[in-house]
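The same chain A turns up in both complexes below, where it pairs with chain B and then with chain C.
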Partner chain A sequence: MAYLALVVARNYCLTMMKLPTREQSGVLIAEVSGRIDHTIAEEFTRALAPLLSNCALGRAPLLLDFSGVIYISSAGLRVLMMASRQAKAQQGSFAIAALTPLVQEVFTISRFNLIVPCYANVDAACQALAQ
Partner chain B sequence: MNQTLALASALLRAGRGRLLPVLLLALAAVVLGNIERTPLHGLQTSQFDRYQRMQPRARHEEPVIVVGIDSQSLVAHGQWPWPRDLIGELIARIQVGQPLAIGVDIIFAERDQHAPALIARRLPPSRATLLSELPDPDATLAAVMARAPTVLAIVGLPRELPGARLPTHPLPNIRLDPVSAAKLPRFASALASRPELQAAAAGEGFINAGPEEARAQSEQGIQRRVPSLVLIGEQPYLSLPLEMVRQALGGGEVTVETGAAGMQAIRIGDYRLPTQANGEVLLHFGQASANYYLSAADVLAGRHPPEIFAARFVIVGINSIGLQDRVISPLGDSLPGVDIHVQMIESLLEQAALRRPHWMPWLEMGALLVGGLLLIVAVPAWRPRYAVLAFAAVGLMLVGSGHLAFIAGRWLFDGSSLTLLLVPSFMALLGNTLIAADTRRRDAERQLQESRVEAARTAGELDAARHIQMGLLPDPEQLFAGERRFAVGAVLEPAQAVGGDYYDCFMRDDRHLCLAIGDVSGKGVPASLFMAISKTLGSTLSRRHSSLDAAVCDIDRELGRSNSAQLFVTAFIAVLDVDHGTLDYVCAGHDAPMIRRGETILRVDTDAIAGPPLCALPDFPYHSGRMSLLPGDLLCLFTDGVSEASNGQALFGGQGLADCLAGLPATSPAAQCRLIRDAVRRFEAGAAPADDLTLLLLRWDGPLNEY
Partner chain C sequence: MKQVRFWGTRGSLPTALTSPDIREKIVSALVAANGRSFRNRAAIDEFVDSLPFSVGGTFGGNSSCVEILTDRPEHLICDMGSGARPLGQAKLARFGVPNPQTYHIFISHLHWDHLMGFPFFAPMYIPGNRIIIHGCHEQLEDAIRLQMRAPCFPVDYSQAGASIEFDRMTPGKPHDICGLTVTPKLQLHAGDSYGYRFDGNGKSVVYSTDSEHKLDDNEAFREFARFFSKADLVIFDAMYSLAEAASVKSDWGHSSNVVGVELCQAAEARRLALFHHEPVHDDKQLARLLAETRRLEQITRGDRPALEIVSAHDGLIVDL
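Entry: the complex of A and B
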């Protein structure tokens, strides 16, 4: 019984990270929130996978709304790097918008804006990506 | 011994633990089907007796009076047998009160020994004349009996005995189907009263306790069943009390209700009494009472008003110590045999008897099988404690429904035997459940033990890996032991056994000191492997190129070649001209190092030249920056294990490091590293470090004075 509860709880946790999506001016926007660190990186990768598989040439650009992300570690950056590479390989557009100050600082130090295009806010990103 | 245990365990667990319980249930069903041949039958009957004791039949009225020939009567009127005319006088006294019917629980099989005619035979003929003119006592009794409905007792005999006489008042017009008739008790012969008395009586009723008498006596002598109808010489007769009721109702017909299995009830007038298939009545006894017993002496002396007998049944019987028969009722009372007749009349008038129809044993069998199968399905699926509760619930339900059935309709349903019969099945089920639980617990313990062993083994391997990783890092104090132009100190503490941080320091040539710090994305073993590669490649390639830009681009390229896991490394690599203090540096996504210059803290300016982490963006053209150090400057390279150390609420941060640097005492860089490390750990206040911590301090002391 306890074992079953454990399994259920584990499966629940694994599928817990949800990325609510919406569309704006032809751009698919996924909202990311919380701490993106070592413990959640794998889950973040899994949640991103279906969105990324649709991020290809001729499809809607994918924009991650980072306004709810309060922290990102190097493991989180790695997920973004891999996502960016996959999008690039599929000739799709992938970008991030609305970075909070702490996350912005991490991006600045690590120069990750060279790897993933970053925009100040969602509207600006949509405008740029829609072109 | 072990083999026996193993065999028992295998048997218990056969068929997923259900084979044995099913077999035991089948055995229980066989026992229930033949319960009368098992000791369980005693339990069953005593359970039924218990029902009666808990709820005896209420006796509201006293429709029957017993006129007992008791010890007092014998004292008053002499020894038994009494002259028949005295009995005639007694009956005549009773008749004055106009009772419904009189039953005589005495058989007058032979002539009265006190008959004057018999005495006259012993006297000389001259003296005998007077006697022979006196009335005959038997004739007197017959004359009295003829005046009102009187029922005489008869005893059925299994075979012809001397003096046997068949009764002469069979039931008129009774319809008996062959099945019922075959089950009724039969007597070939009988003991009845003299013909003139028979002729004077309205009816005759038997007083046998039934052919079961012998067996009933053996079961603690408790009288539970009383026959209602028997065949004597193939003629149907009612028992004495029932015949009395029939006579009171005018001597009408008796109807027998029958079913497929035999008799179900007997109906006399409007009164109906449920019976067993063989016509026996399961009496529901009421509490014994002495109220309705009158002494024959008192009746003869006229001490009771005649009205006491009005509209009542009266039984004349013997009620004297030494002469009477006594029976024990299920209520535990020791009663005169005549009391059974009283209880029988009351039962008929109340139309109440215990009911155990022929289908009741089948109902019990059904309940046993349903309860057993429910347990067999449910118990293995539940935890032992719920299984025990379930069994208690089933048992309670069975026993409870037995009591309820008795209270609701005097039905005899044996819940206790069923519960008892379910016990072996349940024990087997529970045993198996407990064994299964025990096995699971042992398995869990074994797995825990295995995982501990595994963890210990892994820890051992990680420990070895940690030694190797730490061995990769140079010891600056030892490396630059005799150096007077600069001093270097370093600290590296992985958050886990192994980590992804590294630092490096070596002299590329006499003048150039190469410094590097790196942080592989992620933590643990994967990061540590990549750290080893990065550190080794970094140190090798930096030695090969005189230009720092080219070296870093080369490192980036080479690392990217062997990076299937898509890790990246933030790094800061610098080359110091130790004679002039010129610092060339490349920043690959790493925090800009700090410099303590006198009282102030500066940051190395990386904004213009910083690139992404190594391996993050293929073929990125890294460029180097340049600055000059002043003698006494302290350069501090660090990773985010320092800047992002957390106490749960806030981060140590760049400011924390800057404050710490500003307050460092003038000692060796190695000691200063340890002081900063201690400050960080104090800040974390015991919390587990989130990331690997690495510090590299370089103090440039300026060019050597050349004399």
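Entry: the complex of A and C
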């Protein structure tokens, strides 16, 4: 039983998505990394939830640093769209920055670059969001 | 199954080329020719064949109608969009009258763009022909009759010369038809739609149009991946961009090239045909969409075998 609990806890830790945060120019930056596909989309949503709840009028803008993301599927893109919508509804600022070239292509092909604010790098995003 | 022939590939509404469209193609071709002269017709044809498809050809504008060709004498057709008119003409031209033929027609759903070709499907007026209309909707026969009732159409359904039968299929259940196993699947679309999987002689074709895929429904994704499993050809509703399908056109009942690639990759399908083209897209936009979809497949392929991607156009024949 103890072994089972250990295995479950270990698996939970393995699948639990971590979004390390830092602050720059008044912008809350969360680092996203790895593959954002159908299997991780729900976990990504849960990991974003506490950050998004604070993404509101008068609070720090939320920026996702995507430099560590190597793949994003349609389900992952949907999570970003929902996040963008929630931030907008709360009159907060939400954006993504530093997409790797291949992930940038996925955004362009899916046209998600038209519905989720994207910046070339974190500095450019912070400059725009801090205004 | 030997081949699939596309007679109508446009979504929602038949769409004609306009004079400006044709003028643009001529100008582009003349620019590409750059003052060259051609010795004969063959040289001209060779030059035209070298042009991009969006310049030397067109994706066409008839609404959904796809033929599956087998070794058997019966004809298998998916949907009766406006592409059914040239299909019917071609059958009459080939087989003549009287020369009774049997047509099996599979109807995805009852929206007009998928039925409107039936009153113009010439074989239905020829005595001796047998037409079996397969579908899963309870109102299948009513819908076919309705569009041929005054004041909608001048020729009443009762004027049909052919013998017309209706076969109500059960979703999820394999049916033996013309030596093939045909399995319908319920799809997300207003009023419901059904995809069809055809298996026979070691080949599989899936016809899946007017089908929306919700991005947060993992179970549905797995179901469709099973439905498409190892298919030689998946004919897929790629009407919208992913962003449109997930946002402003959510619940409009259609899908995207991105989801088509993802499902076919998960299903280990061999070939994807983008289908049910958005009427507002011109040939250049559709050609760009195809190039982008191929690029998406390339950058997301990983260790999988390559998925071949084509964009269906009226007249396209795909060898299985």
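Everything below uses one rule, namely that the second predicted complex is superposed on the first by the 120 of 131 C-alpha atoms of A that agree within 3 Å, B and C clash if a C-alpha of one lies under 4 Å from a C-alpha of the other, contacts with A are read in each partner's own complex, and residues count from 1 in each chain.
Definition applied: a contact is a pair of C-beta atoms (placed from the backbone, for glycine too) under 8 Å apart; a residue touches a chain by one contact, two chains touch by 3 or more.
Being a predicted model, the structure only gives us computed values, none of them experimental.
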{"item": "Superposed partners chain B and chain C on chain A - clash or fit", "value": "clash"}
{"item": "Contacts of A:77 with chain B and chain C, given as first, second, both or neither", "value": "both"}
{"item": "Location of chain C clashes with chain B - one stretch out of 57-65, 93-101, 129-137 or 147-155", "value": "57-65"}
{"item": "Residues of chain A contacting chain B in one complex and chain C in the other", "value": "38, 41, 73-75, 77-78, 81, 109-112, 114-115"}
{"item": "Residues of chain C that touch chain A when the two form their complex", "value": "215-216, 218, 221, 241-244, 246-247, 256-259, 262, 292-293, 295-296, 299-300"}
{"item": "Residues of chain A that touch chain B when the two form their complex", "value": "37-38, 41, 73-75, 77-78, 81-82, 85, 109-112, 114-115"}
{"item": "Touch list for chain B against partner chain A, complex", "value": "519-523, 566-568, 570, 589-592, 610-613, 616-617, 620, 640, 690-691"}
{"item": "Chain A residues within the chain C interface of the complex", "value": "38, 41, 71, 73-75, 77-78, 81, 102, 105-106, 108-112, 114-115"}
